[in-house]
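So, here's a batch of structures to check.
Shared between the two complexes below is chain A, which pairs with chain B and chain C, respectively.
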Partner chain A sequence: MSEMKQDSENAAVSPERRRFISAATATAAGLTIAPGVMLYEVAHGRPEEQAASSAVRWGMMVDATKCATGCDDCVTACSTENGWTPVAESKHPKQAPQWIRKLVLQDPLTQMETNLPMLCQHCAEPPCVDVCPTGASFKRADGLVLVNRHTCIGCRYCMMACPYKARSLVHESLNDTQKPDVPRGIGTVESCTFCVQKIDRGDGTTACVEACTASGHNALVFGDMNDPESEISKKLRELPTKQVRADLNLNLGVRYHGI
Partner chain B sequence: MASITFREVEGSSPKFWMLFGALGLFVLFGALAWNTMHHYGHVVTGMDNQIVWGLPHVFAVFLIVAASGALNVASIASVFNKPMYKPLAPLSAILALALMLGGLLVLVLDLGRSDRLIVAMTHFNFKSMFTWNVFLYSGFFVLVGVYLWTMMDRTVKTYSKAAGTAAFIWRLTLTTGTGSLFGFLIARELYGTAMLAPMFIIMSFAYGLAIYLMVLAASYAWTGRTLGDAVMMRLKTLLVVFVAAVLYFVVVQHLTNLYFAKYHAVEAFILRDGGIFTVLFWVGHIALGCVAPLVILLSRLGKQRTWIMIACALVIIGGLAQMYVTIIGAQAFPLDMFPGMNVKSSFFDGEVHSYTPSVPEIFLGLGGVAIALLVTTFAVKVLRLLPVTLDDETVAKLEH
Partner chain C sequence: MAVKLKQFLALGVVVLTTAALAWAGSEDQPKAKGAPQPVITKAIKGEQCVEPTEFMRRNHMDVLDGHRDKTVIEGIRTKKYSLKECINCHASEKTGSVAAVKDDFCISCHSYASVKIDCFECHSTKPKGSIAMHPLNAETAHLKHKLAANTRTSVSPEEMAGVAQ
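Now for the complex of A and B:
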């Protein structure tokens, strides 16, 4: 109970602070383009009765050249924010859900190693949504691909369809690490939500990105890819990036630099 | 044309009750297995986030595919107008329904939330192949049910051909749909072939007929009715054709895949380096499931009933091995997100995924088989499905 209270207190305080910071950037950014929309969408979050807008497309840029060996701060932050048990603490590590994971790639020829986080790519043409029999997998107007935990029947067809292994089935009863604003449930499928609860609060960023920035690695940038003045759009213009399995033409919401 | 008398199985011999009891026991075990899985979650299975469809899917898809094939004998009778097959048709239809029921039950009870079946029945996403299959399966029950009715009720007999044709077309679509469940998974290399749907159809012919033959022979032997060689030999020849076709399709599929460089890795996995999957492919599917039955049926052994039964059993075992390789082998092979790179992670990226079926999964799968056989046994007992005799003389009369 006390945990819940603390949570809601946090929720009440921290967005204020963040709102102030992001409002400052968004004013500068938003004014030139569509001031009203920008201020509303990014800076103030979204009131419950207003639907998500397709004017925004949330996205993430991963700079693999900055992603550090041995660091998994993004993974820890995601598990803390969203309440899933870290794999190392799980009783059944083989079956434990992982919303985000660190990949280490090695070129067999040159031995060069690349680090990067792998998470749901929030495809604009998501195969998981196409195959879902009940429509529980869905894409929100602002690009977030989510699972409705009330209509997911746990058929796992979406897991078969996802080219990035981004999804996990909750294999066992959940312990009490669950968060009030992140619904989860045994027998249903889940994956990275781009921290939808934070976005809807108006934070304008995600837990993993915050953690990466806090660690000083600055490998992750999050923001609105539709807004040409957002940090992510500018970065994407500057640096060459790639989509993983670009051959599948899924138009991904996560872009990688340095792979 | 000579008329054929159909009759239910009279009296209740201890043999019948023993069979009934044994099957019932397996159904009970299946129910317990489901209860365990439902109570503890999929943590009690061998499945994880890499192998997401395990042994229950192997059984479920096998039964569904075989169900469509079991209808073959009835289709030959009505659609292709072969009088010799007419007396064999009712059993073929009921077996098709029973196998379909068993397969669907396994599929549904393996859902993460099998208690939400009603959600699956009320929320539809028409882009999903799964949704289409829900309709195909329901339609199958209705059409084959009507067809069975037209065969058994003299007053509606005139519609038998129409109903049979409808059921025939429907089940071809259904098997195509089942094959396409996999064909739509663009991420998995092994499924990237247009051959999957036609292959499923031809496999359904072989598996369905093998099961039919065994059930037919068993029902006649255990009820003391006569089943002549004419019928057995005719069906045996048909089985040879189907099994040979399966072998042909499998060879062509792998040869075409080998032609395309992007499939080389996954082909090498299945055909050479896949461990249990390679063994199941070569020994289970090819040697035991195709070559051995062909040798038995085409040699002098194929004249003896015991050997025909052995061949049928081998086709069924081979079919299960094939489903295991197709469904689980494709998942065991790691997704290639970064071609040319070695990948490591806490989520088993870049490595071949291991899978060991757990006891509840085995019993859930067997429970589905048991339900199918139980329904068939019960139907044969209470309905007029089996001709009183199928001796050579009676059958010969049909052809004139």
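Now for the complex of A and C:
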């Protein structure tokens, strides 16, 4: 009841006043260096010598109502950014990596189809990390679930443990076809990294999200879920979203709307 | 008995030394070369490495090892001691890589010392988007299969039929 009351109070605030409030908060959060020049402490501008911080939690919102039938721009963008060979072009499709893949779900009763991309859900409580015998599968401070290939022994327990089928093993030597920013190699497990190289560079977005926005579908939103002012936080407040297999209680970093 | 043995040994030493000196002194005998020396090419970019050369020769593996954990686990991506930066400066002008052929920077010493490098099982040996004249620099290398497919295209029977007509 109290929440509802708060909502109605917010609604009463005029746009001008809201703008003033946000400007005032921004001033409080940022440090004024000179008139008109501000130094903000935000997730995107992390200096390279600063470690990833748990004050940030990267997350993605997928709006399945906007995800277009037949479009796989996000998959292509991921493959191009991270240098993995798409399934269609792979010599061994069953072994091919799928950091992100397009799914079409059909309601058997109504025949209604839902499109959505499936990728590593970057769980807050990742089962892949629980089962890893060497500690190679780990969760970074800012919520990214990654594989440290230096310690991965390729046992594939994490692939078994993942409820989302998000991980794959590199079966064959890649013969120096990797991207300089994205090391990956034979005998190690890999999955979506939320484009960690782009995040650390300060882009604050991922290749799939950029592609989805560029194609005009705008089905993907990426950002810091801990920052109440970020686009993703606002969207998550606005729209009803679901976690896939919410019953597992993993607190996912990827939320779906319209499924 | 012991004295006789000592004398015999001494004689043996004298004979051997003389023979060795004679062999070493003779001009027509080729000198023993051993394994081929590594070729160390000066880095294309930059004047000075992040540490003195002598330090890097002995300790590059330790600094790389320390830096890799900070990068992977904590997300600290400073340029000093970063493998990517090593590659950026030391990639060969000919191959655009630090480990493509025998004389490339990393391979050259490692094959001489007979130490296997695991870095390039996963890491690219080429700088990012560099040396653009190489058709397969690191930016396009993952499309290798496409290039290979293009070169292999043979003329289809239909096309042949068209030509015949």
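Odds and ends about this structure:
Note that the second predicted complex is superposed on the first by the 208 of 259 C-alpha atoms of A that agree within 3 Å, B and C clash if a C-alpha of one lies under 4 Å from a C-alpha of the other, contacts with A are read in each partner's own complex, and residues count from 1 in each chain.
Everything that follows uses one rule, which is that a residue touches a chain if its C-beta (ideal position, glycine included) is under 8 Å from a C-beta of that chain, and two chains touch if they have at least 3 such contacts.
What you see is a predicted model; the values in this text were computed from it and never measured.
When the shared chain is aligned, chain B and chain C each come close enough to touch A:Ile186. Of the two partner chains placed by the overlay, only chain B lies in contact with A:Ser168; chain C stays clear of it. By the document's definition of touching, of the two partners only chain C reaches A:Thr85; chain B does not. Of the two partners chain B and chain C, more residues of chain A are touched by B. In the superposed model, A:Leu105 makes contact with chain B only, not with chain C. When the shared chain is aligned, chain B comes close enough to touch A:Arg156, but chain C does not. Residues 173, 186-188 of chain A touch chain B in one complex and chain C in the other. The touching residues of chain B, counted against chain A in their complex, run 40-43, 47-50, 52-53, 111-114, 116-117, 119-120, 123-125, 127-131, 134, 181, 184-188, 331, 335, 337-338, 340-347, 349. Contact residues on chain A toward chain C in their complex (touch as defined above): 46, 48-52, 83-85, 89, 91, 138, 140-142, 146, 148-150, 173-181, 183-188, 196, 200. Residues of chain C that touch chain A in their complex: 68-70, 72-79, 84, 87, 97, 99-100, 120-128, 138-139, 141-142, 144-146.
Interface residues of chain A facing chain B in the complex, by the touch rule stated above, are 87, 92, 94-95, 97-98, 101-108, 114, 118, 127, 129-136, 151-157, 159-165, 167-173, 186-189, 244-245, 248, 259.
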